[in-house]
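Here come two complexes built around chain A, the first alongside chain B, the second alongside chain C.
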Partner chain A sequence: MREGSDRGIRIAVGAATLAALAALWTAATTLEQWIAPVYFPTPQEVGNALRQIVLQGYADGRLHEHFLQSCKLVLYGFAAAVSVGVPLGMLMGWSRRAEALVNPAFLLLRPIPPLAWIPLAIVWLGLGDAAKVLVIWFAAFVPAVINSYAGVRSIEPYLIEAARSLGATRGMMVREVLIPGALPLVFTGLRLSLQACWTTLIAGELIGAITGLGHLLYQAGLDLYPAMIVVGMVAVALAGGLMTALLAWAEKRSMPWRTS
Partner chain B sequence: MTQAVLSRREFFRLTAAGFLGFFGVWAVLAASGLVQTLFLPSPLEVAGKFFELTQKPFVGYTLQQHLLSSFGRFAMGFGLAVVIGIPLGLLMGWFRWLDRIVTPLFDALRFVAPIAWVPFAALWFGTGIGGPVLIIFSGAFPPCVINAYRGARYVEVRYIEAAQTLGAGHWRIITEVLLPGSIPSIVAGLRVSAGLGWQSLIGAELIVASSGIGYLMVKGQSNLSTSTVMSGMIAIGIVGFAIDLLLRALEARIERRGG
Partner chain C sequence: MSNIVFERVSRQFQRDGLQFPALEDVSFEVRDREFVAIVGPSGCGKTTCLRMAAGLEFPSNGNVRVAGQTVTRPGPDRSVVFQQFALFPWKTVYQNIEFGLRGKGMAQAQRRERVTRHIELMGLQGYDSAYPHQLSGGMQQRVAIARSYVLDPGVLLMDEPFGALDAQTRTVMQEELIRLSRVNPRTVLFITHAVDEAVYLADRVVVLTRRPGRIREIVDVAAVRRTENWDRHERIEEVMEQPSFVHLRTGIWRLLREQQQPARL
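Showing the complex of A and B:
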């Protein structure tokens, strides 16, 4: 049988793999030099680059400044998209009139990937924070709307009818039936859009920024500094992973009735 | 269902109103002078520009030629992701040791946004084709692996056992039981993968390329030609939509056949 993977073995093999990879990395770059240092850094170089950016700073800022700047922009854009997108999506799920009216604009805008908004955002708002928040907003808005819409539609009709026959007012209906019923799918949408937000932000910062992880990557690429590129990529992965974990925590907290 | 279904007539009326409203607001904003024409050209101007770009070369090529070179890169990156990702996913679904080795690496790499490969792509490949292909690949690869893997894991055990009883080896089980069993999941993955790949391509071209639709938009942006940028967005939207439509048709066909 293929089932029944016990956690212990899994973790052990995983750790062994990562250790083997680290050893291979050291061997390939330091001992044997299969890979020229111009193309990929040695572990030691990455350590030095990390020390440099944490203590002295690189690309106009220290690591935590770049990190916080990027997280801040993602949070702004994400929060703005959620606070507009979720109510709009729920409204479209609830009212077929609203759906028919709003859908055409969606059909037109939806196939355009968020990254394609970057040049337009730069023409409109320049290279500052506002342009990036706008693009992140686009990245998160569409999934937020679509999943909130699908979330409301997924509510069993009998729940709505039961609430109605018990005399629920409009406000109660929204608070007690629609929001809790739609939440699982809403969170699925948020998780998808969070990834898109990071991709979009990094692209925006690579194109033009003063601080931020994308700017760090850009500068490292310009300086042909592979060790710093690795540091930048790891920081991007950590930031994305951290926010995803936060969102998962929020998901658990906001739906205490769901077990597992 | 939440509200009564609309009558056909009302649905069409509202949808038409929605379309008109979208272009109406845009046209009025552009015409009112509230927003400078430089920043927001009218819909007609954009349509005119779009047409002009298909006729007259901009930064070296016409719109179709830019699209073609974008699509070539996309096909290479996406093709590579499919050719490597699907067999890998199936193998991971069958051999537990491989799953255990690859999954931690995969999880570690998954959070690196595809776009974050741009500096390495430039460092390793310069301005050659390899750079964009690497970025598209890193966007399109994960859904291929994950869906092939999941598909293989959810194949019913009795089919596998039946095949084993009949003396099928690893190779035949993977190609004749797991692969057909996971086709629906794989095709669903292809749609996600193509969408992400197409999106990564645009990002790659915005940053490292000297042709292609993303490059056209960057040049339009630096010339402050909003209508060129918007034409690029429209072209990207149309091609992305067409790719999705194609894969959706494939999905529907397979569902009909496989049931």
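Showing the complex of A and C:
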């Protein structure tokens, strides 16, 4: 009962804040003109820009084309990074030998900022999708590895000992002890990876792309078109937020013991 | 026959390149279906003894044998009950108890029958699909004991299993364990620092000295229990007020007291 009304109050406060911001925006740009339209668009301009890009297109594509292109590249890069990084990190957490083997190379690559890979990726793969997926892969790979490694290391040693003295087979040890035990930190890694994917993708598309949200932002910048820049930024936020929400849902689904 | 034999067992630890002895020249036997408790000051190596029987650690010198075989690795014939319960947080009560049976490759119908029986035996009915964090400490330790007992292990190794429980729950669990070992006698090695717990549960009590642990004395409780017929009492406090119980407990207490480091002020 109390919790229910608490929730209601929270939603009301949130809605009021948003409404106040919208009113402030309208006032600042339209009614009082504290901010010149060259710097920040009016709500009406943003609405027009949105209509333009949804219906006619802008920067060589309509909004959904830019949106889907960016989501596609992020998903490819993210999936590739996760499917290599998580098993590798877990293996390094479990086996000292694997850690000794991989860690030196990993320590060398780790401090290189993902964006620093862009020139090399372009030399190798040109300006197409593949180069961007590669750079995204680099960005997402590091947090996936580190957190999967930490996830296995965070498992209480007595749980592993209990499994061994209960006669767990190798498969049971991996599937029923190491993976579920590491999962909370693995998901922390996936969240960080996903964030890194979006940052990197936008940067990659700013440099060279035919479609995509980063390309849209770049073009709008060249055209000195603040309303379209805002549309692009909101679209990036929506795409990132949508994927983060999907990940949170998967996290909840895969760890029922944490919520019940 | 499942016995545990410690033969001239020593164990050294290395820390910062230095070796220091944890256990020195310990020999004793836990006979088939005997309940032996080890007591000793903290750090005397009693848990090390249990871990060597479990195959989680190995002697530096000497030999630990279970059922005639030198222990080389952990296995379900030597089930361990840990002080921290060590239940898998991501598995339900039922799945936790079932875990070792699946490792043995037992058929599902048979597993279900056994798990259900042990859930009943430990009074866990209705909690099958609860997760460990939803249970009290006492209930969690019941699950851990059921998870070990269900394997029908040759020997049970219990490492201060009631150490993390509050006093009342501990008493209940001690009575339950006595009841369980009547229904289903096992070879048990039980580590504790509580002298009255050791005297109440064990057939024999091994008293270790302070580090490096050596055997100070092995006290035969079973003989007294039989002649004084402690088993006619149902409740732990009734046993504990018997003069024969008090006498044994005080004797062991004195042995431990003489191991105390003199206080430096």
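In the analysis below, the second predicted complex is superposed on the first by the 249 of 260 C-alpha atoms of A that agree within 3 Å, B and C clash if a C-alpha of one lies under 4 Å from a C-alpha of the other, contacts with A are read in each partner's own complex, and residues count from 1 in each chain.
Please note the rule applied: a contact is a pair of C-beta atoms (placed from the backbone, for glycine too) under 8 Å apart; a residue touches a chain by one contact, two chains touch by 3 or more.
Keep in mind it's a predicted model, so treat the numbers as computed, not measured.
Chain B and chain C, once both complexes are superposed via chain A, fit side by side. In the superposition on chain A, contact is made by A:Ser165 with chain C only, not with chain B. Once chain A of one complex is fitted onto chain A of the other, the partner contacts of A:Val13 are limited to chain B, with no touch recorded for chain C. Of the two partner chains placed around the shared chain by superposition, chain B is the only one that A:Val152 touches, whereas chain C remains out of contact.
The superposed model places chain B and chain C at 90 degrees from each other around the C-alpha centre of chain A, with the value given to the nearest 10. Contacts of A:Val236 after superposition: chain B is touched, whereas chain C is not reached. In the superposition on chain A, contact is made by A:Ile112 with chain B only, not with chain C.
Put chain B and chain C next to each other and count what each touches on chain A; the higher total goes to B. In the superposed model, A:Gly126 lies in contact with neither chain B nor chain C.
Once the two complexes are overlaid on the shared chain, A:Pro37 sits clear of chain B and of chain C alike.
In the superposed model, A:Gly47 makes contact with neither chain B nor chain C. Taking all C-alpha atoms of chain B against all those of chain C in the superposed arrangement, the shortest distance found is 11 Å.
Residues of chain C that touch chain A in their complex: 54-56, 73-76, 78-80, 82, 84, 86, 88-91, 99-100, 102-104, 131, 133-134, 147, 151.
Touching chain B in their complex are the following residues of chain A: 1-2, 5, 9-10, 13-15, 17-18, 21, 38-39, 93-97, 100-105, 108, 111-120, 122-124, 152-153, 155, 157, 160, 195, 198-199, 202-203, 206-207, 214, 217-218, 220-221, 224, 226, 229, 232-233, 236-238, 240-241, 244.
Every residue of chain B that touches chain A in the complex is listed here, in rising order: 1-6, 10-11, 14-15, 17-19, 21-22, 39, 93-94, 96-97, 99-101, 103-105, 108-109, 111-120, 122-124, 153, 157, 195, 198-200, 202-203, 206-207, 214, 217-218, 220-221, 224, 226, 229-230, 232-234, 236-238, 240-241, 244.
Listing the residues of chain A that touch chain C in their complex gives 156, 158-159, 161-169, 172, 176-177, 180-181, 183, 255, 257, 260.
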